[in-house]
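First, the structure itself, so that you have it in front of you.
We just call them A, B and C in the order they show up, numbering each chain from 1.
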Amino acid sequence: MTALFLLDHASVLIFALTGALVASRAQLDVVGFAFIACLTAVGGGTVRDVLLDRNPIFWIANPSFIATACAAALLIFFTAHLFESRYRLLLWLDSLALAVAVPAGVGTALAMAQPLPIVVIMGMVTGCLGGLMRDVVCNEVPLVLKQGELYVTAAFAGSLAAVAVSLITRQELFILTACAGVTWALRAGSLAFGWRLPVYRSRPPRA
Amino acid sequence: MTALFLLDHASVLIFALTGALVASRAQLDVVGFAFIACLTAVGGGTVRDVLLDRNPIFWIANPSFIATACAAALLIFFTAHLFESRYRLLLWLDSLALAVAVPAGVGTALAMAQPLPIVVIMGMVTGCLGGLMRDVVCNEVPLVLKQGELYVTAAFAGSLAAVAVSLITRQELFILTACAGVTWALRAGSLAFGWRLPVYRSRPPRA
Amino acid sequence: MTALFLLDHASVLIFALTGALVASRAQLDVVGFAFIACLTAVGGGTVRDVLLDRNPIFWIANPSFIATACAAALLIFFTAHLFESRYRLLLWLDSLALAVAVPAGVGTALAMAQPLPIVVIMGMVTGCLGGLMRDVVCNEVPLVLKQGELYVTAAFAGSLAAVAVSLITRQELFILTACAGVTWALRAGSLAFGWRLPVYRSRPPRA
């Protein structure tokens, strides 16, 4: 329970930073920063909780998550200009956020004793949907759908790793660490070294 | 209860008018008008009800909300050409809709004795998400995110005002009036006089 | 119950094929295909189940739906290049998906003894929202909103037909067949013969 709580908080914090960075690219005011930061930070976990019918939803049960997200928005509002490339920072923070949100989703579903395919899906939902909402609302090309990058795939592999480890041991720490490690390794490898799966390209697009 | 019911109805009616106006800009047919009108009209309140686990959702409990939204769509379908500037009309109707939807959200959360940060958020969710869905689906630039306008900020200030008044008095009428007044004053001031908060602009965007 | 289960499965299968086709147009990798296929396949039914507070949601109760959607994604990933026009195939598969998803929504709401306006809306929600999510996420022009085509209208007429038949007979087979038939006839007629309702066109758009 505590490990999950920490993961949820870390995921909210880092996703909020990425949301605020996207808000800076859209030149919003400070309340707009907080709005996009909160949407990104709690979006994936909220969908997870609604799908699993957890009541109350995690940030309604504990509004400190909202305070965390707003603090992150403020931090970025006053410091984003210090960074050389906000987009590069966004990409790497987003990779970290993914690597904590996926185990947060997996751990929640495991704690509810959901069947294993649902565990995998909840890892992907929690990891991917907050960033997807951020990008759809701000009209950015969704990171989730960038051609030739591992993103959903990283979330999927991390969730699979967690399920595999969970069949061997019930130590939550091992399960969640394996999940975060695999997710981040694949996403970071994709960003740094261009790791990818073959994409569909048999025809010119939009034909 | 009655004040909230009236607010929900007024919010559905006015948001439906804005949805139909956006549908007229997208040149849809009459069923498309009704679809976008309903999505806009009940979108924010539906998310509020799902998040708060209210069952049944307000328009399922009382389908007359849907009839109201469809009537608004029909009205706009046959009269939109009479207006000088549909976009101007859209902006001002949307400001009214915001100013009734925010207190509808705040009042609902207060009636459920939610913690105060959640009350503020439900005001913003109910006020902002219907219009956001309308704009994302119809591929308009979301009003919520227009640079240098008070929108989310107006909803936030109105919700804060409601919470402040609720600490002084439990008279629902005062709370909801303060909420609507502050929300509309800020949004209308932004539309009419260009009131705004400083936006983030340290760099060229999308760098 | 069995007819509904079959309809849900057929709807998941066909919508997953359309999702994978859109993923092929966006040149995603195989996991991206599966992601968009699942989103499209279960999106509408998931919103239906959340709105009606059905627990657990249909694909959580029975993860075989997810397996079906992933199999459809794989099939398209390896065969999409064989088709003359992927867009034409997409349009016609989507019309079939609509014609099975609308009765799936209507039947579910009828089985829960929802009031008739809600039955109509659940038909439209189940039929239209999966495809709408697919198109919004992949940044395609939503089929739902294509000017001068019957789409929401077909779903609406099919749902109305189901409600009308349900007032005469309680035979599920008749109700669902009428619903599917009317929906598909109108959508296919619109695709093949250009059937349409008059659209709003009193002014140049986006004025």
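The definition used in the following text is that a contact is a pair of C-beta atoms (placed from the backbone, for glycine too) under 8 Å apart; a residue touches a chain by one contact, two chains touch by 3 or more.
Since we're looking at a predicted model, the values are computed, not measured.
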Category of the chain touch graph - line, ring, star, complete, other: complete
When subunit A is superposed on subunit B by its C-alpha atoms, the rotation angle in degrees, nearest 5: 120
Same-site or different-site touching of subunit B by its copy subunit C, using the half cut: different
Separation of mean Cα positions, subunit C and subunit B [Å, integer]: 28
In subunit C, residues with contacts to at least two other chains: 50, 136
Complex contacts: residues of subunit B adjacent to subunit A: 50-53, 114-115, 117-118, 121, 124, 128, 132, 136, 141-142, 144-145, 147-148, 152-153, 156, 196-203, 205-207
Footprint of subunit A on subunit C - complex, ascending: 23-33, 35, 38, 46, 50, 55-57, 60, 63, 66-67, 77, 80-81, 85-87, 136-139
